[in-house]
Each structure stands twice: as C-alpha cells, then as structure tokens.
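Okay, got some structures for you below.
The following pair of complexes shares a single chain, subunit A, combined with subunit B in the former and subunit C in the latter.
So, the complex of A and B:
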C-alpha cells in the first residue's frame, strides 16, 4: 500500500474490500441459520432452534444414499482424473512429441466449451456404450470436466521441477520407472494433492453433466438438493448445504495448512 | 599425468549431435586415459554439455561412437553406464536427506544396508560433511551442496566422473577453494575426470589436458602449458590467456629477417619463426608478458612503437604500445625495479626472446 495515501482513502478501500468479501460469502453463510429453524419450510431469520434437519439428513435414505453415491463418485473421479492428468502432463512437459500445443488445447477444451454442450454430446456417446445410469458413466462424465483442471495444475508443477533431477536419478542407476516413482512423483506431490482436492470438490457438486448421464434410478447429492428445492422446500436442504460448506471449508483449511508447512 | 595407461578408458570418435540442421557437436574425437583430468573448455553454447550428455547417455549421438572400457556404449541406457556425474545446479533430490541422496545410487545397486551406512559415512567424511547426514539439501550452503553432489557421484565408485561446470554457481573465493579440493580429490581417488568449464583460468589450474571447443568443434587438445605457449590458432590464443596478434603479409624474406606488412598498412622488419616466404599471409601470436621494453640505446630490438598508456596494477605494469598506424600491443612487466618507465607519448623499443613469437592459424585469412 502506498504509504502516502491519506488515511480516509485507506479506510474507504478497506470498507469496499470487506463489502465485496461479504457479498461473495454471505449467501453461502445464509444456509447455516436456515438449517436450524424449527419451521417445516425455509425461513430467515430462523424460528427456534433444532438439529432435527441434520439428523434427517444423516439418517433418511433419501439423503444418505445420494450423499454416499456422490462421495464414491467424487473419490473415483478424483483418482482417475489425477492419474490420467499426471500421465498427460508427463507427456506434455517431458515428452518429445510433435504438436504438443494442439494436444494441450484439446485437453483443455472442456474448460472452454459450455458444460451443457459437453453433457449433451456425452449423452449421445454414453448411450451407445450402455453407460447411462451407471456409476462408471457418472465417474467418466465427471472426469471429462476434471481432467483439464488436473492437467493445468500438475503440468504447471512439473514445469517447475528441474529435469536434471530425473537425469541425475537415471545417471545414479535408476530405471525410467524408478526415477518416476522415486523422484518425479515426490517432486509433484503438491500439484497432485491440489488437483485431487480440486477434482474431488468439482465432482462432488457437479450437476449438469450428471443430469444427462444419471438415468432414472440413481441420485447424487446435488441432484437431490435440486429436486427437493423444486418440490419441497424443506430445511434439510439447508442442513445438507451446511454440511457441504463445512466439508469444503475444512478441505481448504487443511490444504492451506499443509501448504504452509512446506 | 604419470599413471596414464596405454589403452584409453574412453574414446570418442567422430562424435556428432545435430539438432534440426544445427551441429551442436561436430566431429569430436578424443581419447581419454585412465586417471586423467581432462577439461572441456569453451564459451557458452560451444557444445560442452552436449558432449557430456552423450557420454552420460542422456542424448544419443547423431553419428560417431563412444567406447567406454572397451565396450561401445552409444545406445546404452544411462542407468547401465556406471558413470558418475556432478550437475551444474547439483541436482540434489530436495525431498531426501543428505544421507538418502548419497545412498540413492547404492540402493539402486541393491547394496545391503550395513554396507550402505558404511559407504555413505566414509564418503561424507571424505567431503567433510559428517555431521550433515540428516539435513535436507536446502539447509546447506552452496559449497556444501556442491560437496554432497560430489559425494553422491563417487560413492558407487564409478571409474569415470563427469563434472558439468560444478563450480560455476559459487563465488570466486569458494570456487578457488573448491578447485584445490577437487584437485586433491583427483590425486587421492585416481579417478578419470572429465570437467567442463568456460573459465580458462580454472581449466589451466586443474587439468592434465584441455580440450578447447568452439561451435561444437575441437580447436586444440593439449596440456595447459602447451595450449598457452603454443596455441595453434587465433581462437585458442584469444581464449586462453591474453595475446597480441600481428596479422599481415610477408613482403620479402631473406635469411632470418622478413618484412611484414601489417593489416594497418605499416611495414616492419623482424624475425619470424618457421619458414615464411614472400607473399605468405601470416598471423603471429605474442603474449604480453613476453614483450620486453628495452632502453633507447639498445640495438637489439624487434619493433619500435609509441607508448599510448600505462596502467599500474600493483605487482605489474601494463603498457599499451602502438606500432605502425593503429596496431596496439599489450605488454606486461613485473614491477621489480622501481625504475621510472617511459611516459605516454614516448617512443619505445620492444624486444622478445626469439621463441616467444608463434605463427598461428588465423580465422580471417
């Protein structure tokens, strides 16, 4: 900050920044008071105090089932996206192949193309392979969205890792595979960790792709929230959202803490 | 050298590396003998690292052969070569302790645990870092990291050690200290070492032989004193030490004396080494410290000129002398007698021992 800036300008700026932060966070925080209201519908400010909506969220199979499916899908999507993203990054950063830029842009394209278009296109493909309504189908659909993030984060990390580390390992007697697992992977651990977290959260709240692929028998957590909000405006929605927010916040806090320690 | 064997430990024959249509290494042939300290010396981009990379197996030659201990290794994977290497930036594994870094090549060779502990301790002692085994590389100073890199490269006892500008990142004082340690280590381990540097002074201090590289080609190979005293061409004369070049055409030559017409148009009568004939274009190299300023009443001199400038640098005086129209010669004189030297503008006579002037190949003839 410019030290010669007058005091009142400084205060104005701080006020403005605080306002923006509130604007970004406040709607999210609203779900917390709504989730403890005793009323059978969503109100603000809350009336009374109860945890029964949380209890219902954690016991009612209509909520529990989708939550578990979402967690399972998010786990598989994160693992698959990160493994494939790592391999792709390796080829893009270390490989000697022609047309690297073209391949990179193709890998990134799901980030640029509207999800609704990808969802529609994927639907056409997945029908042929009988993947509609299967867990694998949902996982693969989520990977289409997650892999670009994974590649961006991991290849950026790999770019900063000095290639002479890998050459040194080879020179000291490590095979290409040993050098990869003992030197390259530990060097890109921060990128792999960040990408895993990102893909996990991305998959956890993915809705549009899911709607195309999920068929009629399955339900994910975001889809449950979405349908509930259209038919019943129950405070369980707020309870589910609150759990969501808490989990996401914890993930961010843990990851920044681990980052700091490095 | 002393312990040189007959059969070379490493032979490079007509080695080439071509990137696209750029010849990074062009027709390099060197025979290196066991126990030798060889330096690849050349400016940045002259292909030194590329030569090392081909020996280490990180790059495959476009043409030519590498014979190591009697076996062709052109296409052998790097991990199968058993050649030690110290990288310019050390390339220590940041996520491992010093112990694990040095133990790495032993683990790859499935050496048993007790033996690993013994060997690592031994080599850590050798580089005087016994107390640092449990640190991570970023907790060490540059000089210490350098020694860890050295320890890691010798712990598995490779017969050949490659060092790519290993002292380049150190400050001057530490660099000089490490040069001495490296020299000691070489004497002690009797390992063949190929050292890369762009610093000619470093090359002169350390090497048994120096290979001067320029644009991927070898300009000259020889022991330091030979390269200094008998450079064969203009590049080597200019790259190693300081030198004065007299370029021109021989006008007439009878018995010992020749008339040399310098490129600036002036003509001088002087003794030239070797056989020169009238009409030859020649380039003569004369080191600054070999030039002697003689008193005016002397009759035994080679050239006369005008003193342009004197610089006093403590133990030496440096003179710039103009001969002919615009050819400048640098001369250096030890500051032994406190005599009053010539002043700028004075006419001076200069002389040299007959064997001090050398005919070399000029790049521009």
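So, the complex of A and C:
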C-alpha cells in the first residue's frame, strides 16, 4: 500500500473543511464591509468609507425605537426565563416528581414545534388577556421560546453539582433557604449566566412570535429589519446586522470566559 | 415540588391549551362544523405539493448539512493543536450566535444579480452575464444549510471527541487499515451524534420561516410561508388553522419516528 495515501487524504480533508468554514464565516462577516461602504451593496472592490449608516441606525427613531424596545424585551425575557427555568430545574433534578420525563419533554417541546405553529395557536390567548401590543405580551411570548434553552442549560449544570454540599450545610445548621442561596445558587452560577446569555440573544433575534403578538403600534428590531429587507433594502440593515455580529462576538467571549472559570 | 408550578401554569395557558385547541378549531368553516378546511387542503394539488416540497427541502437541507458537517466535526475532533480547534470553533459559533435575519440579508447581497457570487463566476469565466440566483429553491437551500450547519456539527463533534482513541489504535494494531478502522469503529460510535444532529436539523428545517420568506420567491412557498400568506395576506384564519395542524402533525410524526430510532433524550445531552 502506498504509505503517502493517508497523508494525501488528510490534506484533501483539510482543504474541504477549510472551504466549509469559509462558507460559514464569510457571509456572517460580510455585513461589516457592507455597513461601512458608500454604495448600497458590496461592490468589488468596496468603494468609499462612511459611518452614515451607523449614524442613521443610532439616531433615526425608526431604528432607535425598535432597538431600545428589543433590548428591553430581551433583558426581561432573559431574566424571566432564567428565574422560571431555575425553579423548574430544581424541581426536575432535585425533587421527587412523578412523571419527570413527561414534564421534561413538555418543557422542551417549544424547541421542536415550529414557532409559527406556536405563534398562531397562542394568538387567541394573548388577545383574550389583552396582551397584544404590550411589552409584557412580547416578553411572555419570547419566554415560551426561551424556556427550553434555560431548562436544558441550568438542569445540566445542576446535575453536576454534588448534592452532599447542600446536605452538609443543612447538617451544620443552615436553614433550607440559607443552603439554597449560599450553596445551590452559587454553584449553578455558570449555568445561570450561560442561560441568560442564550435567552437574551434568542429574544433579540425573535421574529415570528413577535409578528403575531406585536399589534400595530410597536416595532422590534428584527421586525424592522425584516420589513426593510422585504420592501426597501436600505444599507442601514447592514449596520444593524453588524451590531448583531458584535452581540454574537460578545456572547462568545463571555461564554468562553464562563467556561474558563468553571 | 411546587417550584415547577409557575412555569407549568404559564405554559399551559399560553402554549399547551392553545395547541390542544388547534385541532377542534380547525374543524370550523364559516362557523359551521365541517371538514371543509382539510378537504380544501388535500384536494388542492398546490397545497399538497407545498407540503411535499417542505418535507423534501428539509430532507435536502439535512443531507447537505450531514455531508458538510461530518467531515468538519471529524477534522475538528482529530486536530491536536488547541488553537486550531478554537479557531474552527469560532467559525462555527459566530454564525450560530449571529441573527438569522442578518445572515439572510448577507445572502441576498451575495446572490443578487450584481452580487459577489455572480462577480466571481463571471471572472472565472463560468458564465458570461449575471444569472438570477435569488428567489428560487437553490437560494433557500443555501441559506438554510448555512443556518443549520452548526446544529449538525456540534452534536457530532461532541460525540467524536469523546470516542476512546485506543479503540481505533487497537483496530489498526489488529490489522485494519485506516479506512476499515473508520468504517467499523469510529463511524458506528458516532451514530448517536449523527442521530441528534439529523433530528434537530430536520425538525427545525421543517418549520423554517425566515429563509424561505426572504430568499425564496412565490414559487418556493413552504408550509410556514403558506401559513403566513393565509393569515396576513388573505386573512383566512380558519383555513390557516388546518395548515397549522398539518404542519404540527407532520412535526410530531417525525419527532416520534426519531424518538423510536434515536431516543429524544439524546438531543438534550
């Protein structure tokens, strides 16, 4: 057998995978040159340098309003999903619950059912509770989508925490509440951070639930981008997209930092 | 344990109960109980065609993601240099965390008539004048593969990384060549990762909305864009309800098939 054959195969594999990685990363990063070039679309070579699209993004109320609303909604949804997800994970991992598997699959199911199905079904309920067009309504809608992420991440973290630490604290005279806040919560902190990050990013990009719940008076950033792409294609979209790439980069940096601390 | 109660209550009101109500409500046409909505869906060739197209595109996306994702995960698991692993991971995680809308916008710019892809193809001499690359099924497929690929790579990678390398070495020692060792040892051991990746990709692709809405045209309607059209453009909620039920039923059917084959618990790990 030719001894150099495996080596050649390896080089072929490396070449192939490099192309795939370029396929993944280039379209993601391409919005950056688009957002600072004068022309509407990326022309080769890129012409001119301008920050006017960013300026418009940060000053035009048509963009600024939706951005601020999206940030506020993402913050609330992340907090709410993580609080509810932590409580549910505690019950699922530590509690003696009948039918745990069923409850777990139920909590995970929003991840598998098409969002448009959930949005369509939930619309009637949101109407009945007068939640259409309210910030609370949008937050609640995003939470339904974020919950699975929050439960997966936090319960996985909780499973790795040694229960004997809590028992030891109780033995040494701590109340259940003290043991919870001094031992359990600090030990699942990495999971809570990671889950908040996930839910925040997920909510910031949520479009389909929002379309059903938002009503006619409000606008979120993804909805603004979506309508602009469909009807206008303004270069400000590139600036908004660049902001999203920066958010993603920050999310990765923060999660790597959390991983290292673990 | 009452801790899970608040979450269950919220989900029951705004999620489970509405989902359960979908089917009975889809049986009404103009306020009368009938099967008219389903009749209309399954008797109209266009709608059944859209259902099959949705399943076909989801399957094509899954196969392409597997063909591109497996080699990537395999190489990443076999690289010894942690810096290169980290760099590869970055190339996968950055798109994963970046807004789907932003990435769809990128693809519009890349694939448009005056876009980057046409520019490259013309300069390489493959074509003489720009071709229409957007608003067809290929554009949808490219966009969906781009979005789904990380969902395929990550579970396969996490399984491949944990395979005991001594097994492969033992096989080689016992006379297997590298190809045999891969086919008889590495590949079978990576099947749980493949199962999880294939399942997530297929299920998410089935209900995909943004990519077909932005990169596809009127001739590439999928189930989710059809629902959107019926609700937002035609205002026919009753008929849309039936389409929603068909999409939900197909999803549940496929999830339960995967549950039998792979086990649902796999995707949470």
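In the analysis below, the second predicted complex is superposed on the first by the 246 of 262 C-alpha atoms of A that agree within 3 Å, B and C clash if a C-alpha of one lies under 4 Å from a C-alpha of the other, contacts with A are read in each partner's own complex, and residues count from 1 in each chain.
Simple rule for what comes next: a residue touches a chain if its C-beta (ideal position, glycine included) is under 8 Å from a C-beta of that chain, and two chains touch if they have at least 3 such contacts.
Because the structure is a prediction, the values reported are computed rather than measured.
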Which superposed partner A:178 touches (first subunit B, second subunit C, both, neither): first
Touched partner set for A:102, first subunit B, second subunit C, both or neither: neither
Partner contacting more residues of subunit A (subunit B vs subunit C): C
Partner chain in contact with A:87 - subunit B first, subunit C second, else both or neither: second
Touching both subunit B and subunit C, residues of subunit A: none
In the complex, subunit B residues that touch subunit A: 56-58, 77-79, 81-85, 87-89, 91, 93-95, 104-105, 108-109, 152, 156
Parts of subunit A lying in touch with subunit C, wherever the complex brings them together: 1, 6, 13-14, 16-17, 20-21, 23-25, 27-31, 34, 41-44, 84-85, 87-88, 90-92, 94-97, 103-108, 110, 112-118, 120-126, 140-141, 143-144, 147, 152, 156, 201, 204-205, 207-208, 211, 222, 225-226, 229-230, 233, 237-238, 240-242, 244-245, 247-249, 251-252
Subunit A contact footprint on subunit C (complex, rising order): 1-4, 6-8, 10-11, 13-19, 21-22, 68, 71-72, 74-76, 88, 90-110, 112, 114-116, 119, 146, 149-150, 177-178, 203, 206-210, 213-214, 223-224, 227-228, 231-232, 240-241, 244, 247-248, 251, 255, 264, 268
Residue numbers on subunit A that touch subunit B, as the complex places them: 162, 164-165, 167-175, 178, 182-183, 186-187, 189
